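Shared chain: chain A. Partners: chain B in the first complex, chain C in the second.
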Partner chain A sequence: MSSSVINRGFPVFKIISHIILLGFSLICILPLILVVSVSLSSEESIMKQGYSLNPEKIDFTAYKFIFADPGQLLTSYGVTIFVCIVGTIFSIIITTMLAYVMSRKDYPYAQKTSLYVFLTMLVSGGLVPWYIIISRVLHMSDTIWVLIAPYLVMPMFVLIMKGFMSDIAPAIIESGKLDGASEYRVFFSIVVPITLPGIVTVSLFILLMYWNDYYLSLMFIQNSEYVSLQFLLWRIMSNADYLRNSVAASMGLLQGVAMPDQSARMAICVLAAGPMMFIFPFANKYFVKGITVGSVKG
Partner chain B sequence: MKIRKMPKTLCLLLTVGLLTTAMLSGCGSKSANQDAAKADTPTQASTTDTEGNQTLDPVNLTWYVVGTPQKDQQLVTDEINKILKEKINATLTINTIDWGAYDQKMNVITSSGEPYDLAFTSSWANNYTQNVSKGALLPLDDLLQKYGKHILEQVPEKYWPAAKVNGKTYGVLNYQIYAIGRGLNIKKDLADKYALDTTKIKKYADITPFLGQVKQGEPGITPYLATGNITHMFELYDNEKGMTVDQVQGNSVNPLGIRTDDPAFKVFNLLESPEFMAQAKMFREWYEKGYIRKDAAALKDEKAEAKTGKYVVVTGGYGPGSESGASTDLGYPVVQGKPVPQFVNTGSVIAAMTGINKNSKNPERAMMLLDLLFEDKELYNLVTYGIEGKHYTKVDENTVEIIKDSAYNPNNAWEFGSWFNAYVQKGQPADTWDQMKKANDDSITSPLLGFLYNADGMKRENAQVNAIMNEYLSIIYTGTQDPEKTVPELLKKLKAAGIDALIADAQKQIDEWKAANGK
Partner chain C sequence: MRSSSFIKTFMRYRQLFILSLPGVLLLFVFSYMPLYGILLPFKDYKIDLGFWDSPWVGFDNFKYLFSQDAWRITRNTVLYNVAFIVVLLIVAVAFALMLNEMRRSSVKFYQTVLFLPYFLSFTVVSYIFLAMFDMEHGLVNTILEWFGKDAVLWYNDAKYWPPLLVLTYVWKNAGYYTIIYFTGLLGINEEYYEAARVDGASRWQLIKSISLPLLKPLIILMVLMQVGKIFVGNFDMFYQIPRDSSLLYATTDVIDTYVYRSLKSLGDIGMASAAGVYQSIVGLVLVLIVNGLIRKFDSENSVF
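Take a look at the complex of A and B:
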């Protein structure tokens, strides 16, 4: 019986490695499936049986709870998508240009510019001055731009970008110039195509940053037209939490309201992370390249 | 050569970019600017005259409240403004900030010196004492005398000391339920089965025989839910003797206490009292007899556990309507027992207040608005329930039914003036507010009402003591270990953490407070 398995030349090693890899991918995938299935379980069954991969009955209460106001949810998706697209485009343009200037060794202030960008990572004005500037000096509260402008230049991303740019041999730029290209021509026709993997990688970082942000909405948005998706979800959850646990509730100020808890959390996960999971595979090609771009190539 | 020109071009580009952004943002925030401009219009000239409304200049008041932002807020605000325009020639902007974000946001708004007019402040959200010490709130004593006639008429005098800091009132007390009650939520079917008379429950120990019956007759079900999640100490007094001891820091895990019959208010460690040892032994007995789960101390989420329905007796709040409230909350019908008398302390009175901002341009008008909310039932219910026919329907003169899924149901009536001005909701007894007032009147008022311990000087000791208490109370209140052994150990640890210094500090503060208030 077993003699057929222990065949000469049968790739035992291959089987073992496949099992290990299979196990590894299960470890990666199972939590995601669990999140989805818990979001589809009823609160009651979670209380009684704990989390289960296979909910005994599909229950949409959690989604109903979150979709109670579908108009707001759609608006918020719209806001977030707009912010992501516009924000990422503006941000990557500024980041790339800034990083390019910093990477040019023949630019006398390159060092100083780098230091200036780097310093903002170490020291900041603090929350309150930041708030005062945006809300009372620039009067940007309650506009869509307040969700974009504060994150336009992230020093971290500029420095990563600069790393990509520094790999370009000065000779390439020189050669372009010898052929009569202007600075813009050099930048757009030579530098950008060379660093495209880097640009896509950093764009993805920026996109994720805009997608995941709830803090700007938290601080500056009152008007529900400009509430971003993450903030909306955060708000649903934190309000539910608060109503359940607050001192006010224990003092009898709030009336008892039944709300799904665990399942709603998971449903929020699905809604918040879902769209990004579809974007990742498409950018994956560049992403891998982007990570290895700094390393030595043959 | 050409490189030299580069920075200039870039500069130009960046400048243009910045300008465009500024322009865009400028366009977007137009309405906000206008609002700000409106609020900034000076009005000092008019406010001296209170009699003729015609002489009041139009102003806009901004009010920050905590809650869930409502879709139809603007609609309701427009209606509110119609009333306000006529009565005090003002308009109102209500800014509702989410529950979870309120603290953080108010902190920033206050620090940035924004000239808002009114804000919800309390012991648990937008902290009142911190606001006072930051100087964010205006002292209101004069304004209250001048414009707050109805407020002073309605909120009983005995509660005002709670809002006083250094002899001055910085917030208007919202009139709501001040009494805190502790309840035992008992599963109704089993209470009926064993013919439990809840009126006989006068102290925690009175439930013990019932727990025994359940243990005997109902296998597979835990009689009492205890968890390791401790938020406050169990009260050390009962209905028979009334409040004999009180905690210096309100209901918390902090063990500093006084005896109420001691006119000197000598501060001591409650854990050293015989009452505490007796209580600890009761929990130990419950544990040993199996009324409490063996792994109780490891349980963290009390609410979630209670909802499973695997327990017969769980602790909760007690007050008017709390029985039906707990039933909805837990998902099964319960009856309630009241093991300790209802009480009022500083924290429970200042649980809901409205403060007037120091930077407010129109504090007089803000006070008039508050007074109006106490006086004008129509206005108050408009704020609370929205527009009749659109957001609620009237069942009878004083009862309303909220229209389901309407775009205005903020459910934060207690944040505006006097809760007792509200219509009752369908399903609530018609005399809900009278019951609540009665609960306020009947409850025991802490002799320390008005005193708030300030831990600033003893932050480290206080934090350490509370951390140790948290750790040990979860053992003691679940009966996991013998209190004869645990309590002395706990006392020793507290000594090492500096509880004596804490006691001395609390004593000093109480003495000062007593001297200042002539107690």
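Take a look at the complex of A and C:
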């Protein structure tokens, strides 16, 4: 590694680098800890000392309120998990098939297919006709499918996938076809196994996209049955009453205790965002790979 | 006969065509069908009449748009994107150069931590932002008061927002671009550094005469790709961080939030579609220019 070569004898630069990067790392982490810390603060301590990284004492009232009646939170978890699983599976299959066909140099329409995909990145009719098509022509508003279908094929992901495909030697595909296998068999039993690292990488990007999406909900969802986690968070943020309504039934369960608005809001955020925050850093190396393939070959 | 040879080729490769079909159809429905919308701003669109029967109105919607808010949303969109590109470039290249001098384990640690905000949705970021900048309880105001300063009413005054939004965006994306530039640095041949060190080059000379020049093509490529999207505002961010507050529109309203609001809150389809088409067309021109430039610098990476 280059580090070992140019490291010798320049400790000052290295120390300054560590100070700067550690500082930025703190800026990355501390705000996250602050949100958790506020969710564990009592309402009085927030009134007294504001949102603090170091609350006077740990207080679980906010979580008790939410868990007393987690109805909407559970529904939203269900919506998000369903969308993530179904969306990611369909999207990666369709994306991989499309990218594979584009990468087959002997396919006479490979160029045309690529152009067809690229063009969608260049020209668009804008938000309004897209909205009209989905809501008025396809009548998909207030269905679970509207949270999945519009994002099934993202040209950017097709491009990244095609980047991974370019490593496949044409000879491998040829040999499969000589054995009399159909294109489908070649694809599923030869191409998919050798591009598996790429498939995992792009799947993670797709999963992240579905997990974090609130835009489709904002555009097309009214019915609280289909409110995803991110959209639930946005509704609570934009309308303080929504939080109270979402956990309204719990008022009866915890009598004599006032609803802790401030900490409950942050507690919902922790419960909604928490799980993925533990999963994604473990998949870091796949994301790094995807970013480099995407930026260099895309 | 041409047509029969077309059918022959097609039949020979029909299985590949079928593999591409689901993707092709989905793109047709969600990307190509909405293209008719380029004509939408030239109509006085009435939902009950539908697209074809609504009357034509020429350029009225555009005239109205440009007499109203076009300048504000264009300025905001472009200036924010320019600030994002410049600040991110400086921060990410600097971080990448620093990481390049470190041991593998330190690199891994910093990479993981800097990358963390990238995984958060802007919805979650808006909660984090609120925890920091809430006017009554936010951490930043608490700290200001410690130092005997007055609390700042962040959400009441548009003038605070440009630096705050640039900061938020850089915070979220610094890790992403650092990884790109760091990978670029890893690709530089060891021997250049070794040779320069033998000649007694200092660290700054190594960075100035080897690292940065060899990173230049990647930097140009990344910047040009961002310039191509300079007319696109990040809707998630500009809608959620300022919490769609009308007090802040002067400095937080971008084309994308404006189109959304015209459509969903005001129901003004003419205005919304005019702004959308204006964005698409200028955006297309920019992408074509940028691609031309990329081809000039680095023909392998041009998209078409």
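Simple rule for what comes next: the second predicted complex is superposed on the first by the 189 of 298 C-alpha atoms of A that agree within 3 Å, B and C clash if a C-alpha of one lies under 4 Å from a C-alpha of the other, contacts with A are read in each partner's own complex, and residues count from 1 in each chain.
One rule holds in what follows: a contact is a pair of C-beta atoms (placed from the backbone, for glycine too) under 8 Å apart; a residue touches a chain by one contact, two chains touch by 3 or more.
Everything numeric here is computed off the predicted structure, so don't read it as measured data.
A.B. asks: Can A:19 be said to touch chain B (first), chain C (second), both, or neither?
C.D. replies: neither
A.B. asks: Have a look at where A:107 lands relative to chain B and chain C in the superposition and call it first, second, both or neither.
C.D. replies: both
A.B. asks: For A:127, decide between first (touching chain B), second (touching chain C), both and neither.
C.D. replies: Touch partners of A:127: chain B and chain C.
A.B. asks: Between chain B (first) and chain C (second), which, if any, makes contact with A:149: first, second, both or neither?
C.D. replies: Touch status of A:149: both partners.
A.B. asks: Pick one for A:29: touches chain B only (first), chain C only (second), both, or neither.
C.D. replies: Second partner only.
A.B. asks: Touching A:261, do we find chain B (first), chain C (second), both, or neither?
C.D. replies: After superposition on chain A, A:261 lies in contact with chain B alone.
A.B. asks: For A:242, is the partner it touches chain B (first), chain C (second), both, or none of the two (neither)?
C.D. replies: In the superposition, A:242 touches chain B alone.
A.B. asks: Considering only touches as defined above, state whether A:50 meets chain B (first), chain C (second), both or neither.
C.D. replies: Second partner only.
A.B. asks: Identify the partner contact of A:222: answer first if only chain B is touched, second if only chain C is, both if each is, neither if none is.
C.D. replies: first
A.B. asks: Which one hits more chain A residues, chain B or chain C?
C.D. replies: More residues of chain A are touched by C.
A.B. asks: Going by the contact definition given at the top, which residues of chain A touch chain B in one complex and chain C in the other?
C.D. replies: Comparing the two interfaces on chain A, one with chain B and one with chain C, the shared residues are 94, 97, 101, 104, 107, 109, 127-128, 131-132, 136, 138, 149, 182-183, 219, 234, 238.
A.B. asks: Of all residues in chain A, which touch chain B in the complex?
C.D. replies: 44, 47-48, 68-69, 72, 94, 97, 101, 104, 106-107, 109, 127-128, 131-132, 135-136, 138-146, 149, 177, 182-183, 218-219, 222, 224, 234-235, 238-239, 241-248, 250-258, 261
A.B. asks: Chain A touches which residues of chain B in the complex?
C.D. replies: 2-3, 5-7, 9-10, 13-14, 17, 21-22, 24-26, 28-29, 31-33, 36, 68-69, 71, 95, 98-101, 104-105, 108-109, 111-114, 123-125, 176-177, 180-181, 303-304, 307-308, 317, 319-322, 325-329, 331, 348, 351-352, 405, 411, 414
A.B. asks: Taking the complex as given, what residues does chain A use to touch chain C?
C.D. replies: Where chain A meets chain C, its residues are 1-3, 5-7, 10, 13-14, 17-18, 20-21, 24-25, 27-29, 31-32, 34-35, 38, 46, 49-53, 94-95, 97-98, 100-102, 104, 107-109, 113, 115-118, 120, 122-134, 136-138, 149-150, 152-153, 155, 158, 182-184, 187, 208, 211-215, 219, 230-231, 233-234, 237-238, 262, 265-266, 269, 272-273, 276-277, 280-281, 284, 287-288, 291-292, 295-296.
A.B. asks: Under the definition above, what is the set of chain C residues touching chain A in their complex?
C.D. replies: Result: residues 9, 13, 15-17, 19-20, 22-24, 26-27, 29-38, 40, 47, 51, 94-95, 98-104, 106, 110-117, 119-124, 126-128, 130-132, 134, 136-139, 141-142, 171, 174-176, 179-180, 183, 185-186, 188, 190, 193-194, 197, 203, 206, 218, 221-222, 235-236, 240, 243-244, 256, 259-260, 263-264, 269, 272-273, 275-277, 279-280, 284, 287-288, 301, 303-304 of chain C touch chain A.
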